[in-house]
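Both of the next two complexes hold chain A, though its partner changes from chain B to chain C.
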Partner chain A sequence: MGNEIITVNRLSKQYHVRIITEGNIIKRIFSKKKYKEIDALNDVSFSIQEGQYVGVIGNNGAGKSTLIKLLTGILYPTAGQVSVMGRDPFNDRIKNNRNIGVVFGQKTQLKWDLSPLESYDLLKTIYGIDDETYKENIKKFVGLFEMEDFINNPVRSLSLGQRMKCEIAAAFLHNPSIVFLDEPTIGLDVFSKDSILRFLRSIKEESNVTLILTTHDLEEMNSICDRLIIIDKGRIIEEDTIEHFTERFTCSKSIVFCIEGDIWKDINPIDNEVLIVDNGKVIVSNVRKERVNEIISLMLANNTINDVQIIEPNFTEMVKKRINEGD
Partner chain B sequence: MKKRLLYFCKSFKINFDELEIYDKDFIFGVLGVLVEYLSGLLMMFFIYDFVEDINGWSLDQVLFFYGLNLVGYSLWSCFFINTITLPYYIQRGEFDRFLVRPESPLFQIMMDSFDDDSWGELVTGLIILCYSWIRLRIPPIYFLALPIIVVSGCLIYLGISIILSTFSFFTIAQADVANITMEVKEFAKYPLTIYPKVLQIIFTVVFPIGIVAFIPGMVLFRQIPWQLLLVIPLVAIVFFVLSTRVWYLGLKHYGGTGT
Partner chain C sequence: MQKLLYLYKSSRAGFRANSIYSAATVVKFISSIIILTVYYFLWKAIYSGATSIQGYRFNELMAYILLTRILSMLYPFGIIDTYSQLVIRGDIGLHLLKPIRMEWTMLGNFIGRNLYSCLSGGIPYIVLFFVFASPYISLPGIGISILFILSAYFFIFLFELNIGVLSIYFTSLWGVGTLTGAIIALLSGELLPISFYPEKLIGFLDILPFSSMYYIPVNVLLGKECEWKQALAIICIVNVLLLVIYSCTSKVLLKKLSISGG
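Right, the complex of A and B next:
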């Protein structure tokens, strides 16, 4: 940790979009065409440290994919700079590509009629992977993903989950320093998702790979990422470590007590705390973290408690709240 | 270079393995091509039944032009025809995957798929070339120049397809401009002199495919100096390099606009 591996400085990307005008086709062809500029990304700056797993979140059309395309050098910025390992990923593409692995969740990298193993062999040549590394990685990935059963079947016959495992393995084959996963778990069942998350965790333990992940499954992101970046309408509205972000937003917890008998006393709500008494249950919500201990001690001292439950707002709720807050 | 060769060999092998999966498709494809050419050739024999020569060229000489051009074309069509698939990749968003690998995206596209049906064209071209070669009693010494001429022809077709496919970086909708490459072949198979001046200029200056069969023909049948044969590989290389430059300019435009 510590080295900046990706630096993004005041990055903007505009798309030039044709406005479809009214009128019949002949009129449309010969009339002056109207265009408008759409800001896909607007003055974005951040940096990513080596070895971090970074989750990029945002609604559809917020600019996530554009950001990934700029970071991988597929597009070049309208303004601002991207530096990946000290290089410009667009102008120094071939060199940069040796160090990165990319998976676009909705498009395949593998050849349809070939087995994953045959596609890997082709990638071995394209990336110039030496025999030893190649064998080692194949063995490791086949083990982690349990791919023995389908690694020799043509890609067209694989299920979505199997295919995605193969795609992700392909992105890690040449031991890249940075891997970009654009919605890798879209449309997958829970077991395939788990398997992919396990894989990513295990890679994290044994290597110093930096991972940039976009997903709509926020709990999944919460479980493997160190940091998060929230993009909304082309701007970064939040950039923080997951830990710190969670801390900031879990300031409000709820505590539920199940009480034997019907007597309770000694809780006076302070600040925004809300107290609800309902059929043998006492619920205190909007509790600040520092107050949790105090409230529980007080309740335990004065009542017979059957059960206590502390409810943290889940990660999805926090992110939703953050996006609604806006800039 | 070594890496590219290995890449080419592997792609070739993969393509062959795919043939096994679609073997009937392959056989009928090749047969279809053969029948197509056979009918074209029969037509030519039929015409020469009525006339002595066309524009001063005998049947055997025309067949020589035809065969030489077809061999160069079929080499392109066997191995590099995928360049014209660029618009489809762009439209389906599959093009981006070529941009994140440490290899020229243009070369990757060429290697992504080969065309098996073109084996039929290669065979047809070679048979016609051999037939006319024997009938015209062309000195065997010219065999030495043959590979260079044929490869030059392939390079020029490749250059044409690369330049034409560049259009798809600028148009979002899929335009089949690159398919014109295949039509160019139809013109290039006859001696240049039978065409009007405008076409002659187009096929020597703009798309220099006209010279590939024409210069050897002139050397053999019109006694121009053989040194002119050297023009062919020179033009081919320059044209090919220029075409890749144009392609990369298009790629830059694509990076600026995105899809």
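Right, the complex of A and C next:
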């Protein structure tokens, strides 16, 4: 990990949205148009270090895509400052874009009627990629994504998974310093998802690229990102390393005992602990980390135990819990 | 140099993307022949009993009409709608992500598309044009006409770009492209030579750049007398003005761009 590559300071973005009035078409044409302001992002601040993989998560409409659009200089902020590689991404957009790669999961940057390879040739000229790097990267990406069979087919004839592989390869073609992936695995089957995750892991191992990923698949994010930012209603409600976040939210666990014969109950639940005895099973939930040993020892000393399971909440549940907790 | 190479490659890509639909090419070719037949018999009927109308003989007028048809296929009409669609769908964001101005991409795509359109649907017009116009064409005339055609190409590109960029503010420019096309057809002499118009209107059109799109280059090519130097100066000045205006308006309007949704 290295220097700060992205700095965001008190960033806000408001959208001016027209309200469609009710009534017939004549009324609509002649009535005064009404607008409302929507806070897509509200007073957001954070920084990202070079080489980090950062996952941005949140509900639909939380402001994730708007954040990416502001970081890539497509949109102009209503307030606040953004610095990407030391530059203002809006005012120095052309210069800044030389070193970034972007994939919007629901849009394509490839030419619809041409093959991915023909689109790559255009990108080669746009980014001024030298022949050696271009050939090397094409060879590498074709290998990692198993693209030989479809790299010469028109983009319109590709499946969603094939197209997304081509889009991601296009974003990495010029060896950018930062790559933004906005829901790159949306609608993909498990094999295509795995292939993309393998690709991202391999890039992480061999380069110092910084990756900003927005996704609704939290387990996928957990498997490749170092840090997470949770956005809710345009505000950052959580910003932490994945490791620390997981540690914080795995402080309560559930223990399941499968007992042979009669159950001799000898646990007095404390704090928020809940005890359920059912059909040869004793389940103790909401157990604090430091109480786990004590409970297991008590149960082992007084029962014949066939099996013990300690269940930790999964990552998705932790994030859901955090979003529900709110600001 | 990199921009010119990109312009060449994106023109080639635009040409290839259009040429993929071969059935459309055949349909275009057939419709060109039908329209051409209508033109021929229409003007034949108008010229029955007259050797010349407003200084144009039948062959000259046919050559005029044919060349204006060819040029209308060559010129980049449709920028307004393209720009507006990019804004409505949010695809403008993908163009803004590239380290090259989106206008270069648009220009390249339109050059490719226009060349393809001209070669696919324009062949019957080109062949017949040379049949009717060959006695009148001179080498200097060709040179001056090419200069006008290039200037007019950039004029239309910049003119439509200046209107298209307003879609960032208004979002939809539905119908504006059609209206602009109709005004240009009237003021440029696309449908009829401007000399057929009333005197007062001709005087007004002399100070506008639209006559440089069709009327002046076609007349120069046919060896007819016209004030081409003044017209060339006007279109060059207007092009520079349009470029400056576009640079300013796009800078201001891009700050107001809003692309909501993922």
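Note that the second predicted complex is superposed on the first by the 306 of 327 C-alpha atoms of A that agree within 3 Å, B and C clash if a C-alpha of one lies under 4 Å from a C-alpha of the other, contacts with A are read in each partner's own complex, and residues count from 1 in each chain.
By definition in this document, contacts are C-beta pairs under 8 Å (C-beta built on N, C-alpha and C of every residue); 3 or more make two chains touch, one makes a residue touch a chain.
Bear in mind the structure is a predicted one, so any value in this text is a computation, not a measurement.
Visitor: Let's test your reading of the overlay: on chain A, do chain B and chain C clash or fit side by side?
Guide: clash
Visitor: Touch test for A:16: chain B only (first), chain C only (second), both, or neither?
Guide: both
Visitor: Report the partner of chain A that touches more of its residues: chain B or chain C.
Guide: Ranking chain B and chain C by residues of chain A touched puts C first.
Visitor: On the A-aligned overlay, A:105 touches which partner chain: chain B = first, chain C = second, or both, or neither?
Guide: Only chain C is touched by A:105; chain B is not.
Visitor: Would you sort A:46 into first (chain B), second (chain C), both or neither based on which partner it touches?
Guide: Neither partner.
Visitor: In the superposed arrangement, does A:182 touch chain B (first), chain C (second), both or neither?
Guide: The second partner, chain C, only.
Visitor: Where does A:95 make contact in the superposed view: on chain B (first), on chain C (second), on both, or on neither?
Guide: Touch status of A:95: both partners.
Visitor: In the superposed arrangement, which partner chain does A:134 touch: chain B (first), chain C (second), both, or neither?
Guide: Neither chain B nor chain C is touched by A:134.
Visitor: Can you give me the overlap between the chain B contact set and the chain C contact set on chain A?
Guide: On chain A, the overlap between the chain B and chain C contacts is residues 15-16, 66, 69, 72-76, 90, 93-95, 97-98, 100, 102, 104, 107, 109, 111, 113-114, 118, 121-122, 125-128, 154.
Visitor: Show me the residue ranges of chain A that touch chain C in the complex, using the header's touch definition.
Guide: Chain A reaches chain C through residues 15-17, 40, 60, 64-66, 69, 72-76, 90, 93-95, 97-98, 100, 102, 104-109, 111-114, 118, 121-122, 125-128, 154, 182-183.
Visitor: Residues of chain B touching chain A in their complex?
Guide: These residues of chain B touch chain A: 3, 6-7, 10-11, 14, 17-18, 21, 93-94, 96-97, 99-104, 108, 252, 255-258.
Visitor: Can you list the residues on chain A that touch chain B in the complex?
Guide: The touching residues are 13, 15-16, 66, 69, 72-76, 90, 93-95, 97-98, 100, 102, 104, 107, 109, 111, 113-114, 118, 121-122, 125-128, 154.
Visitor: Quick one: in the complex, what on chain C touches chain A?
Guide: Per the touch definition, chain C meets chain A at residues 2, 5-6, 9-10, 13, 16-17, 20, 90-91, 93-94, 96-101, 254-262.
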